[in-house]
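To start, the structure itself, in structure tokens.
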Amino acid sequence: MNTVQRILVILSLVVLAGVVLTTMPADVLAADTGDIGQTASALFGKNLDIWFMLMLVAFLMMFIKKYEWGVALAVLLSAAGSYIAYLAIQQFVFGEEIITQAMMVRAVICSITLVIAIGVFLGTVKSWQYLMVGLLFAPVYAFVEWFMANPDIIGAAAADPGGSILVHMCAAYFGLGVAMAIRDKRAFDEPMHTTTHSVTFVWLASMLLWMLWPSFVTAGLTDSADVQLGTLTCFMAGIGSVISAYAVCMIVEKKVNPLTYTYALLAGPVAIGATMLIVDPWGALLVGLIAGAVSALCFIYLQPRLCKMIGVLDVMGVHNLHGMGGWVGVILSCVILGTFTNLFFAACVVGITLVAGAAIGLLARFTRGKMDIIMDDDPDFIKNEEPAA
Amino acid sequence: MNTVQRILVILSLVVLAGVVLTTMPADVLAADTGDIGQTASALFGKNLDIWFMLMLVAFLMMFIKKYEWGVALAVLLSAAGSYIAYLAIQQFVFGEEIITQAMMVRAVICSITLVIAIGVFLGTVKSWQYLMVGLLFAPVYAFVEWFMANPDIIGAAAADPGGSILVHMCAAYFGLGVAMAIRDKRAFDEPMHTTTHSVTFVWLASMLLWMLWPSFVTAGLTDSADVQLGTLTCFMAGIGSVISAYAVCMIVEKKVNPLTYTYALLAGPVAIGATMLIVDPWGALLVGLIAGAVSALCFIYLQPRLCKMIGVLDVMGVHNLHGMGGWVGVILSCVILGTFTNLFFAACVVGITLVAGAAIGLLARFTRGKMDIIMDDDPDFIKNEEPAA
Amino acid sequence: MNTVQRILVILSLVVLAGVVLTTMPADVLAADTGDIGQTASALFGKNLDIWFMLMLVAFLMMFIKKYEWGVALAVLLSAAGSYIAYLAIQQFVFGEEIITQAMMVRAVICSITLVIAIGVFLGTVKSWQYLMVGLLFAPVYAFVEWFMANPDIIGAAAADPGGSILVHMCAAYFGLGVAMAIRDKRAFDEPMHTTTHSVTFVWLASMLLWMLWPSFVTAGLTDSADVQLGTLTCFMAGIGSVISAYAVCMIVEKKVNPLTYTYALLAGPVAIGATMLIVDPWGALLVGLIAGAVSALCFIYLQPRLCKMIGVLDVMGVHNLHGMGGWVGVILSCVILGTFTNLFFAACVVGITLVAGAAIGLLARFTRGKMDIIMDDDPDFIKNEEPAA
């Protein structure tokens, strides 16, 4: 596929987007469900589902055979650090006496944001440092959360019910900030050998994340009809990116790179975060089609260029899924709502998290000591492998 | 084990079934649960659970090491195509303005039916064709769904609350129809090498499908007491087939074939679909015992003969689990209810889906072009395998 | 690390525990959630979640490559036997006419207890014997359950809402009883070779068990505020053991043994069973810190000594997680409540289950016949492995 064809594919997607978005119905589908809103029972299930997703993010990143267990450990430690620090902030800084299911949901969303973020610099710090980064990330996240919900700054709060900005862009740019501060160029040369089954774990994680996503985007809603609409638009956006990421891989590279596809098929759910309540199901399908295509194209074209430019490797390609997926959500929500509010907040969040990430990354760099081998389980784990036959 | 012994085993199961079924209590156990029925919140959870099951069906079929990722891709694309086509039919043909949680549940059940069906002809069409088959399957399914719920045809609708006919038989015979039209005999000669871990993924999928099954069979119920009874009878039937499939494998083959057992242990939940609200827990246990034994026996004896007869390989043995499990449910429901209604609908569904499958299969055959290698990831995927030491 | 340092680590943990426990608030955090308690819908979800956990326990034990599938089969058969026997006892002995969601939850908790227990003697009996042990275990469990809930014995029932004694200690000591009766010393010499991916399945199981745990500990509660508090304290205890088990592994062994860590990180949730409603979140964090450290230390120091002493190998290290985790819960609950009630019940349960386990173990020993190979899939399964290149 030559450059002209590539540009044609991208242009046709943009034109398609423009046509459909401008004809999208202003009032969206939502029925009275006869339900009493989000009960504590319903939130209990979503609380666990989001923890489920947090654990699955580990398996999404466990494709490098020599570095599987260390990823799991890194996820557990960064989740642990950020969860307790977030709750401590709520109790002892904001003075919340009671920690409700809703508060627990906010805490695990803070943790999953960090777990996504560590994908950028995974394997380039020592295992105990994930705990440290977790403790330090929580105040940054709590500040961003407060900032985005604050209507006094530019007259309106961000319109981001499903976390396109708060979770995904925050994760991508915080991670990039840390990576740029650590600046370990050895990651570029690391052989990332996979096995059939190590990649099968990634398929498992991606497919289960995909189906759990409605729990994540609807967990903050209080109206039952919104939950219904958000569930539907999340699934439709997911279907959109399942299709378009496949199409882009096949058109551009003739074959599917499973480590591009299993990530890019989640771009629809990422982008729907900012748009889930302002599109109908067919609009959501389009959001997903666009996001999946953009994310797959970024894996193929943007990632090598961007990483070269900033001088560090985005190990797991976090920016292609969460960063770019977030931007798609932000831009589409601005188009549909006819306001630049989300764009303003997105730009601020990028700035805040890059700076905060760089600061925490510098601390990680100066405390990590000597690290002879990177992205490898060997320094951390005792093994009892089957001897070669 | 010789032929006489085999016949004795089968006969004793049939006699046991006859004795117990005729003594089964007519009125079944169901308590007022003090609940307000199936709320949208409860359906939200079941909606996700059925998507969970849909994804797990992929892993149930991922035992061939050289063809793991292609199975996942096939599942995603066929689900995507059928889901959007089913919702489009509901909105634009049947004029449903609002897509509720209940409607979303019906849509994902349509998709999981197709995902089961593709197991018959998996690996014998090109990857983009799963999307095409998905788009074409949805109208067939929507017609069968309407047909079975229609009380005007023979004076009564089918009694199939948990989908023995609508999902499982529909899947098995639609898949067989497609396979017979494609008629790729190379599947018989394909070496289906597994690894310990590829089969372990199948165990994972089977065991999680087993425990999620009550969400699937109770998702269409509106009465809380029915949900309770359906949960119980589904688990009891599942336990029945866990036990009887093991016994049959051990008695007939002396050892357990994991690819027979992990499938046949789900036959109880398949067969309970038509009988879940007309048996008590111990009757459900018996339904499961019979279904598990029948399914395991079909994997061992029927599959080689049937495939030779029809000239195509049922790649994943779909007919042994879903086809035969469905028949067990249909026959037992007719015996218990004393009516041939379900038998009539089952026969019609077999006919409709065989013909529709054959038609769509012919289209797939003429559009698939040249396909040098079948049941293999190589043509579709970029690999970065660990080099041999 | 020398012996002095080891003792210092342990002592400092004990002192920390003493200081914080005596300053723990007596009244704990619980808000009125405006919910109508545990509805049948909410229990439906927890019922399935606990079955999910039961299946995951299989994968927690599937790290020995030559013995993966047999573990799954053993789990299925022992769950099947115990579930139907428990329900039969409830219906035909205790005369329960209706089996509610709550009763189903109690039944699956009986089954998961046995599934934990078989980890002690896994691979040393024949596959059909797991079914037999299941049928025989249910009456033992039903008796223990009745015994612990009986306030007439010493004037108060056990205070164990989350099953530290009823599930975990019962499992550990029943399993030890069986193992001591079977007395197969060959287990000590068995090479337990793992692979990277077999251990990755253990990570998957451990991480998902961790996040599902609140469903397990709150399933027996009827008050919505208690459910909320139990969810929070369970997660906080889990975070505690994620951190302390890591710290102990790193301090004592310099590297993390994944088969120690993936188990010990669950010790907090085990120990919180008896204390979940009498601590605040920070107390729960401490409970988890202590339990994770104790469990990891037991894997490293106690297991080899204990197994030598009693002359049998605890194959999966059940006692280190469930036995010792249970003791931590019991002792801390006695300290906080200022009563020896739980200690009394724990001691009785240890005695009852050791004796019952030994009796059932003797039966298993005399019925198992000749067993040439132990802890191996070969005698039970047909394989179709990929030939070596």
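When the chains are written out, they are named A, B and C in that same order, and each has its own residue count from 1.
Basically, a residue touches a chain if its C-beta (ideal position, glycine included) is under 8 Å from a C-beta of that chain, and two chains touch if they have at least 3 such contacts.
Keep in mind the model is a prediction, meaning the values are calculated, not measured.
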{"item": "Superposition rotation for subunit A onto subunit C, Cα-based, multiple of 5°", "value": "120"}
{"item": "Numbering shared by both copies at the subunit B-subunit A contact, with half separating same from different", "value": "different"}
{"item": "Inter-chain centre distance, subunit A versus subunit B - centres from mean C-alpha coordinates, in Å", "value": "34"}
{"item": "Multi-chain contact sites of subunit C, meaning residues that touch two or more partners", "value": "39, 41, 45, 65, 195, 197"}
{"item": "Contacting residues of subunit B [partner subunit A, same complex]", "value": "39-41, 44-45, 47-48, 51-52, 54-55, 58-59, 62, 65, 68-69, 72-73, 75-77, 79-80, 83-84, 87, 91, 97-101, 104, 127-128, 131, 195, 197-198, 201, 379-387, 389"}
{"item": "Touch list for subunit B against partner subunit C, complex", "value": "29-31, 33-36, 38-39, 41-42, 45, 49, 65, 192-197, 199-200, 203-204, 207-208, 210-212, 214-215, 218, 224, 227-228, 231-232, 235-236, 239, 242-243, 246, 250, 253, 255-259, 261, 265, 281, 285, 388"}
